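So, here come the structures, one by one.
Both complexes below contain chain A, partnered by chain B and then by chain C.
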Partner chain A sequence: MTDDKQAMGHTHDETRGAHDLGGFLNHLLAHGIDARISREEMPKTPYEERADAMLLLLSNAGKGLLNIHAMRRASEQFTHEDYLKLSYYDRWLRAMAALCIETGVFSDQEWQAKQQQVLSQNKAAQQRKSD
Partner chain B sequence: MAETQEFSIGQMVRVKRLWPTDHHRVPYYLKGKIGQVATCLGPVENPELTAYFKKSSDQHILYRVRFTHANLWGGNQTDETYADLAGKWLCEPEG
Partner chain C sequence: MADHHDHTDDHDHATDPDLDGHTLLEGEVWEAALRELLLEKGVITPPELNDQMNRTASQSAAVGASIIARAWKDQKFKKALLANPKATIANLGHDVSTMPDLAIVENRVDVHNVVVCTLCSCYPRYMLGPPPEWYRSAAYRARVVRDPREVLIEFGLSISAETTIRVYDSTADFRYMVMPRCPPGTEDMPVKHLQTIITRDSMIGVGVPKLP
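Coming up: the complex of A and B.
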């Protein structure tokens, strides 16, 4: 692939973020990532709509607490592994949470505590279902 | 201070060979590549500052630049890619 040869020829590969892999097929394959574009319709899940609604409320259309450029920047700060592993809306959620912590909407401790609370609620609900 | 238009339609430009790790809106595969200014899209806010919640008093001039795939990826492909790039990321082809 000429595109890969071209990309590999650069000496700045280490600055290349996981969000910026256009034309870098060998890199993706080396990381076991299927670079093909899926043309299958993905099922819509309720949490995706909630993530979308939350972003709207936090963004300039709502509270003005974050913006799309900051969202992109926050996603770019994920590790390569996280960035490539997370789904589109999981990246949104993680970026939103990171920016809310950064701008003091809530603290990291509050975020961790809330996650724990939701996890144990889910566990309890699962338990009730199986009883 | 608003940047004034410094590139004209039809002019050949090179994308600057800079690799900052801060947020910027230039894909890796375009850096160092030569393209042709197709349109001037006018001033926009600077996402390199907005991404860090910094107010940008200076506005970028955004240009739509045309790149041939033969130039980007080699071969004899006839497809083209258009990218919207800020004037600060463009320079003369020999630069």
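Coming up: the complex of A and C.
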């Protein structure tokens, strides 16, 4: 009956991968995740649309640079906290960046520098806007 | 003042609204940084990115609906579709070369089918378009395998206690979609009209086709 008991409690052994959510309602609740299913049809934001496009372009159906299994493995390595906290596309973005670094598409240094560049460009744009 | 951007880089700003001066979210920074690096390295090009976004925008559940409607009308086609979905869909002129394997599970009076991807968000995009947000949510993934009857009620679908509910868990290599039951009173309806009542949700299994 151990299985049944465990099933009824919806407990999630934290040694499982963070992605392994099937049946583990209490695991979500323990991490402060809303268990209600929101059926609101939200259109993707522009950055989500571009993230989605990059994901498909890089994957098997596109260039085959990062196959879907590698991509999944990258996102399945996140901590439980990160996995549940990050939005869907933010998870994929993190996974894509990690794999690009791993496979040498770009270096970690380039990745960090580019983020800084994006941030400072954004700051400059904000400055111009308030001028 | 007029906001003139300094175009020192060579990629397409039509797809790059990050310089409009709103404070970027963390994910927006990651997206911009990843995109710019991939463009700089020549891994992807702006037209490829635009084309992919257009392709996705043009995908919808209409493909799935037209195929199911045809199966309702044509028993021979239905048999072939259930036995060998990809080949049968390819025979209609669809390009299924990049489509993962697909099974179409048929609802019956005594069995109602529902699709999920508990590990991720695998979904028959070619047939149904991009997955809705709730399909990708942790809540749906965690709950529908445990208590599908309750989850379906939240979707406004009450399944009789005598009907078995089967939940199909998709994977990266193998996708599922549901063939809903044809509602009574549609015998004389042409395929063209039938396909309009076959909703995306009815092919995921969280809804059923309804007559207008």
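The definition used in the following text is that the second predicted complex is superposed on the first by the 117 of 131 C-alpha atoms of A that agree within 3 Å, B and C clash if a C-alpha of one lies under 4 Å from a C-alpha of the other, contacts with A are read in each partner's own complex, and residues count from 1 in each chain.
In this section, a contact is a pair of C-beta atoms (placed from the backbone, for glycine too) under 8 Å apart; a residue touches a chain by one contact, two chains touch by 3 or more.
Only a predicted model underlies this, so the values are computations on that prediction, with no experimental measurement involved.
Undergrad: Which of the two partners, first being chain B and second being chain C, lies in contact with A:D90: first, second, both, or neither?
TA: In the superposition, A:D90 touches chain C alone.
Undergrad: Per the contact definition in the header, classify A:R72: touching chain B only (first), chain C only (second), both, or neither.
TA: The answer is both, since A:R72 touches chain B and chain C.
Undergrad: Considering only touches as defined above, state whether A:T103 meets chain B (first), chain C (second), both or neither.
TA: Touch status of A:T103: first partner only.
Undergrad: Which partner does A:D20 contact after superposing on A: first (chain B), second (chain C), both, neither?
TA: Both chain B and chain C are touched by A:D20.
Undergrad: See if chain A has more residues touched by chain B or by chain C, and give me that chain.
TA: C
Undergrad: Which chain A residues lie in the overlap of the chain B contact set and the chain C contact set?
TA: The overlap between the chain B and chain C interfaces on chain A comprises residues 7, 10, 20-24, 69, 72, 76.
Undergrad: So in the complex, which bits of chain A are touching chain B?
TA: For this pair, the touching residues of chain A are 2-3, 6-7, 10, 12, 15-17, 20-24, 67, 69-70, 72-73, 76, 103.
Undergrad: Could you pull out which chain C residues touch chain A in their complex?
TA: 1, 3, 5, 15, 17-38, 41, 43-44, 48-49, 52-53, 56, 98, 116, 118-121, 130, 132-134, 136-143, 145-146, 151, 154-155, 169, 172
Undergrad: Give the list of chain B residues in touch with chain A in this complex.
TA: 19-23, 27-29, 31, 47, 50-53, 72-75
Undergrad: Quick one: which bits of chain A touch chain C in the complex? Just the residue numbers, please.
TA: Spelled out, the residues of chain A in touch with chain C are 7, 10, 19-25, 27-28, 33-42, 44, 46-54, 56-58, 60-63, 65, 68-69, 72, 75-76, 84, 86-90, 93-94, 96-97, 100, 105-106, 110-111, 114-115, 117-119, 121-122, 125-126, 128-129, 131.
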